[in-house]
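Structures incoming, each one as structure tokens.
After this come two complexes, each holding chain A, first together with chain B and then together with chain C.
Then we have the complex of A and B:
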């Protein structure tokens, strides 16, 4: 058995402590991102999520500048940006993208400044790459309790508001008519989204954090219609993508170019994308079969071919 | 400030601002802010790949921004696909990070690709930029009326034989062209604020399309001039100033339109009071 697995798991994979930390953090983040991502995809707020991720860059670079953990920067700035978006008017569909865009543009400008200061003040050039594209193997084990605590608070928010949130997502008019405080629920959801994006950003970097949030959820929604089932599926897919990504990145140290690992985030994002494409296969085959069956005169070409 | 290598920065910056002002007006009108954000992000991988295999960055930028434009246009055809747009753009970014991790001089490279390096623009970039600018503005001018119609009232446009899908593809290609020429100046992440900030501000000052386009170009040019000048004086990155000034312009526009709405309302109530009295 162990000889069979040897080509997959390079020596030292199970004994390395950075790998343990990475696996635990990745799993915790995926568990939170899966269910929350469902709401993001259903509410059509992928752009808001993407922007919160990019805006996290500002927080990460500011945190590096003052010398605290990047995670705290992601959390603080993410929450502020979510509040700004809520104030500028994310609840209206019209002009929503514009409001998101303006907040995004202003904050990326700040990120440019902070990253510039990071490189000049601290004299290190690696900060930009770490914040933007993540480096999960470099996370210290002391971050685990923080990640788990933040994850639990997101899940607590989600448990508290999931029923009114689901209703106001699927049928906003009905929710308003039944007295659901749509705006408060929306704001609570946005806060949870900001926290989740911060967690995703520590795992795969601020620019790529959307992948972990949107990808597994969009895939799950293509496979099932039931919310609970979709949440479970999204979580499993997220854990699978991050764990396989970590294994591949560990292996890639032995791939060309020699002695230089490929970025973990690249594997995670690619796996998420592949999962999404594969989940389209059943619907695609159904469409093809329906098309083959349609001609009235005799058997379709596809059936003769078989 | 106006000598030697700085001349190229001023020339290229001005051209970029004019095109971004024109194209951005339609981005705001069509509500395709997400696409305008996603296409530049997609082009990032192209620039990184070009740097890796040692060809001209503009070629890499052009090919990848065109690919992302067509990808978004074709995938967006089937219903709601903002999730796919998001996934496509993160995949492109991840590819970019992979390419960058292979190349030797990567950290400063990432920074200037993402946030721009206007002060490093060389003389041989001026001609291609002018050519692309002319192409982009010519495309918009040729398609001005059908594009305006299909952006504002898609149903009427479709009834009059303007294909919404064709317009979308053409428009996204123009955005890709604009992206290719803008990336070297303000970087992939901040083109977006040049293409959104000034036009959105212009739209809150006036409702007439031609005046709005002129105003949007003027605001974009002022933004980039101020950004270059302050960036030259202070040595801070140009992207910071572009982002901040754009946000200021937009806020001013919003305040102006809110003020005017209140004046109109006050005027209306006065008139009503006058009639009932």
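Then we have the complex of A and C:
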């Protein structure tokens, strides 16, 4: 058995402490991102999520500059940006998109400055890559309790508001008529989203953070009709993508160029993408079978084959 | 009732009785949805009160069930018909789901009450308009309201589906002994089942038993100009007449059939 798995798990995989840390953090983050991402997809707020991730770059690079963990930068700036989005107004889509776009531009400008200073002042070229694309093997084990505490608080928020949130996601008026404080529930969700994005950014970088949030959720809702099952599937897919990604990245130290591992984020995001494509297979096969049943006679300008 | 700085409705007063169906009739923009929002407490009226069961309506009033105007249910959302009905039972509650068995029993009962057992497990966004309507009625009934508000439930439905919905709502009003207020811009599909009518026009309302409201003199007073009520093959047509419209400043855009119902 162990010889069979040897090509998959390279020597030292199970004894390496950076790998242990990476596996624990990745799992914790995926467990949070799956269910939360489900609401993000259903509420059509992928752009808001992507913006929170990008804006997080500013926080991460600033934290690096003053010598604090990047996670704290992601959290602080993410929460501030979420509060700003909430104040601008959830209801007015156009206003929200404009405000998000303008804040995003300014914020990325700042991030450019901070990243430049990070590289010149601290003389470390790794800062930009770590913040933008993540380097999970470089995370210190002391971060684990913080990540788990933040993850638990997101799950606590989600457990508390999941029913009112689902109802106001289906239709805000329906929820309001039922006595749901729609705005408060929306704000709580947004705070949870900001924290989740910060956690994702720590794992796979601020630019890729939404991939872990949106991808598994979008895949899960193609596979089931049940909300609880979709949350569970999104979680499992997220854990699978990050863990397999970590294994492959570890293996890649033995791939060309020798001695330089490929980035974990590349594998994670690719796996998320592959899962999403695979989840479309059943529907695609159905369409193909339907096409095969189509009557084949005579040319026409229109035809229906159901 | 003001919306912005415009009076949308004023002097609107009526009573709804349990077991009775009341039609809220008015053309587009007459204020039907606004009136619903006021009754639900989603919008505040400049003055006046709404009492349900003798008490002022409160924010968390389970006494009122609401079926909103047709809206798009996301076909990509993994939400089954029965999940939406379950949100009618306890969608306003925070925390973990308790009393799972009891919740399931209520959901089954409500799906049966609207004849939606067959598609309870289907994704709600993929159901037809008529099926979604039934599920939304079951959702509204799940909180066991005394008053059910239905905003334009017949819009976008074909004649036979509309007939089914009307018959269903009439049965529910009697079986569950609840008051139903059902809005429509077209009164004819409702006439066989409604007991009373609230007719909105020109920001005012005329209300009472159907035969006492849908009359030329009453509606003429409401519109502020002459209208005729014609009965053709059991259908009612309200026609803004050419007579006496010369002195009416809005006559140009009202000089044709105003409400064909």
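Throughout what follows, the second predicted complex is superposed on the first by the 291 of 306 C-alpha atoms of A that agree within 3 Å, B and C clash if a C-alpha of one lies under 4 Å from a C-alpha of the other, contacts with A are read in each partner's own complex, and residues count from 1 in each chain.
Keep in mind that, in the parts below, contacts are C-beta pairs under 8 Å (C-beta built on N, C-alpha and C of every residue); 3 or more make two chains touch, one makes a residue touch a chain.
None of the values given here were measured: they were computed from a predicted structure.
Within the superposed three-chain model, A:50 lies in touch with chain B and out of touch with chain C [touch as defined at top]. Contacts of A:276 after superposition on the shared chain: chain B is touched, whereas chain C is not. Of the two partner chains placed by the overlay, neither chain B nor chain C lies in contact with A:62.
By the touch criterion defined above, A:116 reaches chain B but does not reach chain C.
With both structures placed on the common chain, the touch criterion links A:170 to chain C but leaves chain B unconnected. Of the two partner chains, chain B is the only one touched by A:208; chain C is not. In the superposition on chain A, A:132 contacts chain B only, with no contact to chain C.
Counting contacts by the rule stated earlier, residues 41 of chain A appear in both its interface with chain B and its interface with chain C. The residues of chain B lying in touch with chain A in their complex are 28, 31, 33-34, 36-37, 41, 80, 82-87, 89-91, 93-95, 97-98, 100-102, 106-108, 110-111, 114-116, 187, 189-190, 192-193, 196-197, 200, 236-237, 239-244, 246-247, 250.
By the touch rule above, chain A contacts chain B in their complex via residues 41, 44, 46-47, 49-51, 54, 97-98, 100-102, 104-113, 115-116, 119, 125-126, 128-129, 132-133, 205, 207-208, 210-211, 214-215, 217-218, 257, 260, 262-263, 265-266, 268-270, 272-273, 276.
By the touch criterion given at the top, residues 38, 41-42, 159-161, 163-164, 166-167, 169-171, 173-180, 220-222, 224-227, 229-230 of chain A touch chain C in their complex.
Within the complex formed with chain A, the residues of chain C that make contact are 40, 42, 59-62, 64, 66, 68, 71, 73-74, 76-80, 83-84, 87-88, 90-97, 121-123, 139, 143.
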